[in-house]
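Here the structure comes first, spelled out in structure tokens, and everything after it is commentary.
As written, the chains take the letters A, B, C and D, and residue 1 is the first residue of each chain.
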Amino acid sequence: MNNDTLIPKIGVVTDIRQDTPDVKTFRVVAPEGGKVFEHMPGQCAMLSMPGVGEAMFSITSSPTNKEFMEFSIKKCGCLTEWLHAMEVGQQITIRGPYGNAFPVEGDLKGKDLLFIAGGIGLAPLRSVINYVRDNRANYGDVQVIYGSRSKDDLVDYKEIIDEWMADPNIRVDLTIDNPQEGWDGHVGFVPNYVKELAPSTSKTVLVCGPPIMIKFTLAGLKELGFTETQVYTTMELRMKCGVGKCGRCNIGNKYVCKDGPVFRFDQLGELPDEY
Amino acid sequence: MLKISKSRLGELFDAVAAKQTLYIPTDREPGAAEYKKYESGMELTKELNTVRSAKDFFFPQTENLADFKIEGKTIEVKDIREECGDFVVFGVRACDARSFTILDKVFLCEPVDSFYKNRRDHGTVVTMACSRPAETCFCQTFGIDPTSPEGDAACFDDGESIFFKANTEKGQAFIDSIASLLEEGDTAKLDEVNAKTKEIMAKLPLAKLSTGNFGGDKLNEYFNSDKWAELSEACLGCGTCTFVCPTCQCYDIRDFNTGHGIKRFRCWDSCMYSDFTKMAHGNPRLTQLERFRQRFMHKLVYFPANNNGEFGCVGCGRCLAKCPISMNIVKVMKALEEK
Amino acid sequence: MQVNENFEPVIVAFCCNWCSYAGADLSGTNRLNYPTNVKIIRVPCSCRVNPMFILRAFQKGADGVIICGCHPGDCHYTSGNYFTRRRITLLYSMLDFLGIERNRTRLEWVSAAEGAKFAATMEQFTADVKALGPNRRLEDLRCRKQ
Amino acid sequence: MQEAMIKRAKELLADGSVDRVIGWKRGEFAYDITPAVFTSAEELERDFVFDDFTAANVSKYLVKETAKEGKILAFLKPCDTYSFNQLIKEHRIDREKVYVVGIPGGPKLDIEKIKAKGITGVLSVKNEDYTLKIETLYGEETMPFSEAVLDKCASCKSKKHVAYDELIGEDGDVLESNRFDMVEKLENMTAQERFDFWRGQFSKCIRCNACRNVCPACTCENCVFDNPKSGIDNKAAADSFEENMFHIIRAFHVAGRCTDCGECSRVCPQHIPLHLLNRKFIKDINELYGEYQAGADTTSRAPLTDYTKDDCEPSVVHERGVE
């Protein structure tokens, strides 16, 4: 019988990084080494510990990384608590890749890109940002606006400082919600910061973060003159199968796991408001 | 057309069951029929249809997907799939036969569900034309002709004999396998029976129900309708409608710790349940209104939007008969159409 | 019924922390033997035992379930075991009503001083369950060891 | 009766005594009645129905309804008033927000019993002097009223309203019912026979949760069977054990609180006689701890939250009846 997507493969956790007090980044490889499967930026995978649970996570590493996949995971439920408690060397199950991807080889090519992320919302965008950095010639200006509750809650802070900030070809603007000792950067919410920075409306925007942040960011972008067709986001709903059959992530005639998770805002506008 | 006298139906069942597993609808108690594995002497029900639909044969209520063995930090995945044996489901009604086409659209589209396909490949569906539709029947709303059901092979009952007609190769193979029991028969009486059934069909209380006002393009109009509050008001949030429905296909995947390994299984789930879309950080369908709306929007709008206008309902009438508060797709359609 | 001599039942004993668990301890310090079939689960009070616990024990492979608590009137929490008595009576009656063999369930009052009674009770209960054979009527087939 | 009820409901709506009315709404056919809330005289005129098929117990809806603003008029049959009282006792209903009008009870009819007689294509059902005249697609049929009565009504325990603000019609009495007959019959079977009986029944269960969701005693915000942290949450009984467990735990959880309203068996799509489990508990409680009728009042202590020092030991279970 052919392989069935519902039957998972094994992944070995080879590295665990504590990014923030409640976010860890896990490095996953196949038992024989190398990646379990290839993916495109924005796609997701089902991770599971049998007996504990299974859930969909966005793949935060770039496809240009040929050795491993990474997942940045926030502790918020049964499975994520278990994942946070595990040690290096643990095997988990993994299946995927699921969903569409950001159109990095399509509509985004040649465009000026603006990434806007809040908190753990950086996880899916990090994949795209690193993909773009590795294929820098294919894209125009690149700007990242990233904010979090506090300095400690900025995911991948080390990579941001050491690699992105050091990269002369991209611009990074960080912000945190409230003033904090040892922070001399910008303070304020992401949507307001975006308005302050007033990026050029020629850019194509990729935004991800808490729903409330996305809502206000989109409103701010519209004020600045951006249109809905310029803005992409990635969604999250409860999922079980990952292939548009189990019915959970259904919004209108779309299944977020299969037709999403990446949507342009004009596409989202056609769907019923139930997410 | 080939036929067999009804008095010899038992012989026919015995002959089929000698070669492969045979399931027939039989009476469990007065007024309630269910599909059972045929054993010699078992009689075909006189009920119009079974309480549960026939979807169980291809999409059972629970089934194992994989086993896991965990030792220390290592996990072993066991693929427990096996080629299933050939089987025949006899006596499926036209509505349920159509439901398989609808389930196929979900489970056989890429990526193909191998668990479903396995059973679909090995199952032969032998349908039975209806001659006594009930007041709850509305299959004609969805363009189904109960006097000429789909399925691999179709049977027709003229009161004395059962006639056979093949619709597919698989159905022809089935008829060939029992050819020695069949004889050529005159269909004059059968034509009369069918004409009579059609007369009744035209007189059914729901004969006028039409899908004309529904379809993939009606999303915003109906999603935002103010009728949902009233329609869903009394809904208990149980799964009766979902579980007796031949086309409802939502499922859950769960793990069970047996003490000596983990079994991953899938089971039917219902969008009517409060925890269907519940996540660690919230629930996009918070009240019964949203959950109720989802079920009917899916059947009347979302499904046709993705499947060339085909609706996710076959008009079998099970939810009409079984809903504890008698709220159902017919009432929903009628209410949404009012304006 | 045919008794399988090789069958070793799994017995789950829910023991109240204050009396019966101490009673089990005492039977140990007194070097009294009781069958190794008995797996003790310590609970703060016999009334902590939810009917679900009992069913789950059967599901996960127990062949018999016994609940031990302080004698009526001696509850550490004054009245816990009086509630236990009513609840468990009704539950056992229901299991009986559903056709589950009666000797698979029991309740005994064992005080901290009754080490001998604890050992004798377990001996007797294990023998009774052994005579019944493996639990088949209230078993989860998925948990059966191949 | 229906006219009197509509008239009274319209009066109470008109004078502002109540803002809403909960009752029953007519459906597509003669028998498919839906519980419904009415807010205007027009709605009442058009849709309100009270007939031989209005069996649904609307008391549980009052949990949701009394959480809203304003007062609601509830038409309660005698058996419904027991559920109502029990919910008051458990602080699930705000009594101040309900105006209870007691109405006569059944016996109500069960369409499934009519269909089980082979009468299909039912278009209308008329009760003429306790003979049902049933018009169908295939001609007219008749059957005795008594043979189509709902099980719960056939063993009615009481025609007395235990809670009301006013009555339409006369109050009745608590009845000597035969409701424990079947329980007794089962008790007198052997354990193997009982086991086979229940296995046959529970194996029909499709875990639709209709019994739980309709039950006026099942008002937990989050049921153990829906709670992933309980360890026993399940959607479908994946094993016969889980079928047993669901029904045992559910019956146990409502033991001492179940008023024997019979809704669980009425709504079961698979006709599992679930009320027998509840009645077994009621019978045991009556025999072991003294007669108790849940919902008969709003103050007495429930048998499982009470005890006496000389209660019987669980071993009595093992000493009586048939093994």
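Operating definition for what follows: a contact is a pair of C-beta atoms (placed from the backbone, for glycine too) under 8 Å apart; a residue touches a chain by one contact, two chains touch by 3 or more.
These figures come from a predicted structure and were not determined experimentally.
Chain B has its Cα centroid nearest to the centroid of all protein Cα atoms in the structure.
When the interfaces A-B and B-C are ranked by how many C-beta pairs touch across them, A-B comes first. Averaged Cα coordinates give subunit A a centre that lies 40 Å from the centre of subunit B. The mean-CA centres of subunit A and subunit D are about 51 angstrom from one another, to the nearest whole unit. Chain centres here are Cα means. That of subunit B falls 46 Å from that of subunit C.
Chain centres here are Cα means. That of subunit C falls 36 Å from that of subunit D.
Residues of subunit C in contact with two or more other chains: 140, 142. The set of subunit A residues touching two or more other chains comprises 78. Multi-chain contact residues, meaning those touching two or more other chains, occur in subunit B at positions 252, 256, 269. Those residues of subunit D that touch subunit C in the complex are listed here as 183, 186-187, 191-199, 224, 230-232, 238-242, 244-245, 248-249, 251-252, 255, 277, 280-281, 284-285, 288-289, 303-309, 311-318, 321, 323.
Remark: subunit C residues 60-61, 140, 142-143, 145 touch subunit B in the complex. Residues of subunit B that touch subunit C in their complex: 256, 258-260, 263. Partner subunit D is touched in their complex by these residues of subunit C: 51-52, 55-56, 58-59, 72-73, 79, 82-83, 85-103, 105-107, 137-142. Contacts from subunit B toward subunit D in the complex involve residues 28-32, 46, 48, 51-52, 61-62, 132-136, 200, 203-206, 230, 233-234, 236-240, 242-244, 252, 254, 256, 265, 267-270, 273-275, 320, 322, 324-327, 330-331.
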